[in-house]
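There are structures below to look over.
In the two complexes that follow, chain A is the common piece, with chain B as its partner first and chain C second.
What follows is the complex of A and B.
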């Protein structure tokens, strides 16, 4: 993982649009995957947000997270239900934690694996907290072990995949290369 | 240009700290939730209240949520959802709750089922909280 930001406004716009489309596509893929455990998601649609941590500035980054929530809610038919509030809260918590950790620690102190695990756990805990406040009350504490465990496992899987992808991706190398060429 | 650490990447200090913290929190919460006494009762809650039923008595319970009635069956020491007015029916595919700490939730209809350990009122037929 390295620090890379596109310089021109048009490049930022194109990159944000591409990552948003990718998030939409991965949401559709994830929706089709069978789940061994209800509530379990690998979090494929979070991959564009993860890479955007180093590729997009804050404004575009948060816009990408919002588009991902809207896309996933459209696909699952939950856009106008309070289920979408859970998706929004979880995604924003994850996005803010990953971006905040990256900003504070930098790529030399943390890898995609740490960012992924922290983001997944933050997302799941936020949703469990929201479930306690909005829907299930005190009973929601029973969800916490499962949500923590699933967040840890899915974060590790996605983080390792991101590391392997990052090392081999010609696209990512190209984006970073354009940045380096312009710097 | 640095294209990343490659397939032989090594965890960094903060990665290890985050993973250990998450694993520790998982273990502590699992002990708190699953480490209780043997399972003996199903507790069903919705926006209308909370009801407790012994797992030893077979029955079907209807619980009203904002979308309509959710049906929960208690049979052979386990509790599970058998019908729900929600769209995705995730709760119906959640399997059986039979161990202390097991739970099944229907988020759209706001119905939560959990299994708890023994308590003083387990000899009662059903209780409302």
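What follows is the complex of A and C.
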């Protein structure tokens, strides 16, 4: 993994808008996939946030996470529901943990898989705690092991996908190359 | 009438902003509605509106979510035991709380489905950034037909390169957006909001 932030403000905005659009698209793809359990999902829409860890500065990174939640909630029609609250809490927890780990460990010390697993576990744990308050009550404690297990599995799957995509993607190489050209 | 046709009619009948504001008000009313009957009525009305709006509504998925929430609440016994059947124990307060939470959860989803759509434009800098992302999303959708399972990685990557390079950063929001002009159904929205507000007020007084 390498560090590659775009330099100009317009380039940052363009990249953030593009990553948000990609998150909407991946969310729509995931929406069409069958789910064995209503709350279970791989989290494809988190891939753009994962790539943004190295591509965007903090401000645009957080704006991307917020736009991703607002956009997905609008497109799936859940903005006024608890689903949006769960989505916001999970996305922000995952985004902050991934970005924090990246800042602490540095780009060479942590892989996409590591970031993904940490983000997914943080997201699922936050949502489980929220579920305890909003819908499940005390019974939520029985679900926490399952939530953490699902986070681990989905994080691993998404992390491996991110590693493969990152190694082969001409688009990602182009964005990184543009930054290197500007530097 | 098919789902897409219902969606077109719904979008032609209501402007996005008044519809979203009505949805926000109805969501608040729902949260203040006391008692199970009121929330059940709200859920039924919201489900019908969501169906009318042409959004994807799955009764099976809603039932699974409701059963899951009620089941989880039954795990912690609260109140009088009303049914014991083998290992299954149903306590009155646990059942009541589970149903109330489940109906609220699903009713909020239905209100959102009926009142929100991608044509809604948010105000301010965040809104313009959001609109830029939505325009880019439309471009990605235009390219999705070129993605094939056999060459999935390459096709996705080609689409990303094409859309990203096609963004020149000067995309202005379309002027005079027809999405926010008044539409015939808008005059009914204040009455729907008023009716919901009155229902909550009466339910609170009757308690």
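Please note the rule applied: the second predicted complex is superposed on the first by the 183 of 183 C-alpha atoms of A that agree within 3 Å, B and C clash if a C-alpha of one lies under 4 Å from a C-alpha of the other, contacts with A are read in each partner's own complex, and residues count from 1 in each chain.
By definition in this document, contacts are C-beta pairs under 8 Å (C-beta built on N, C-alpha and C of every residue); 3 or more make two chains touch, one makes a residue touch a chain.
All values reported here derive from a predicted model rather than from experimental measurement.
Participant: In the superposed arrangement, which partner chain does A:109 touch: chain B (first), chain C (second), both, or neither?
Facilitator: Only chain B; A:109 stays clear of chain C.
Participant: Of the two partner chains, chain B (first) and chain C (second), which one does A:77 touch, if any: first, second, both, or neither?
Facilitator: both
Participant: Taking the superposition on A as described, I'd like to know which of chain B and chain C A:65 touches: first, second, both or neither.
Facilitator: After superposition on chain A, A:65 lies in contact with neither partner.
Participant: Looking at A:50, would you say it contacts chain B, chain C, both, or neither? Reply first, second, both or neither.
Facilitator: neither
Participant: So, A:86: does it touch chain B (first), chain C (second), both, or neither?
Facilitator: The answer is first: A:86 touches chain B but not chain C.
Participant: Looking at A:137, would you say it contacts chain B, chain C, both, or neither? Reply first, second, both or neither.
Facilitator: Both partners, chain B and chain C.
Participant: Figure out whether A:24 sits in contact with chain B (first) or chain C (second), or with both, or with neither.
Facilitator: Touch partner of A:24: chain C, not chain B.
Participant: So, A:121: does it touch chain B (first), chain C (second), both, or neither?
Facilitator: After superposition on chain A, A:121 lies in contact with chain B alone.
Participant: Tell me the contact category for A:16 with respect to chain B and chain C: first, second, both or neither.
Facilitator: In the superposition, A:16 touches chain C alone.
Participant: Which residues of chain A are in contact with chain B in one complex and with chain C in the other?
Facilitator: Shared contact residues on chain A: 38, 77-78, 81, 83, 135-137, 139-140, 142-143, 164, 169.
Participant: For the complex, give me every residue of chain A touching chain C.
Facilitator: So the residues of chain A touching chain C come out as 10-11, 13-14, 16-18, 20-22, 24-25, 38, 63, 66-67, 70-71, 73-75, 77-84, 134-140, 142-143, 164-165, 168-171, 174-175.
Participant: Where on chain A is chain B touching in the complex?
Facilitator: Where chain A meets chain B, its residues are 1-2, 38-39, 76-78, 81, 83, 86, 101, 105, 108-111, 113-114, 117-118, 121, 131, 135-137, 139-146, 148-149, 151-152, 155-156, 163-164, 166-167, 169, 172-173, 176-177, 180.
Participant: Tell me, which parts of chain C touch chain A in their complex?
Facilitator: Residues 23-24, 27, 50, 55, 61, 64-65, 68-69, 72-73, 75-76, 97, 101-102, 104-105, 108-109, 111-118, 120, 122, 126, 129-130, 132-137, 139-141, 144, 153, 157-158, 160-161, 163-165, 167, 169 of chain C touch chain A in their complex.
Participant: What residues on chain B touch chain A, complex-wise?
Facilitator: 1-7, 9, 11-19, 22-23, 25-26, 29-30, 32-34, 43, 45, 50, 87-88, 90-91, 93-94, 101, 103, 105, 107-108, 110, 112, 114
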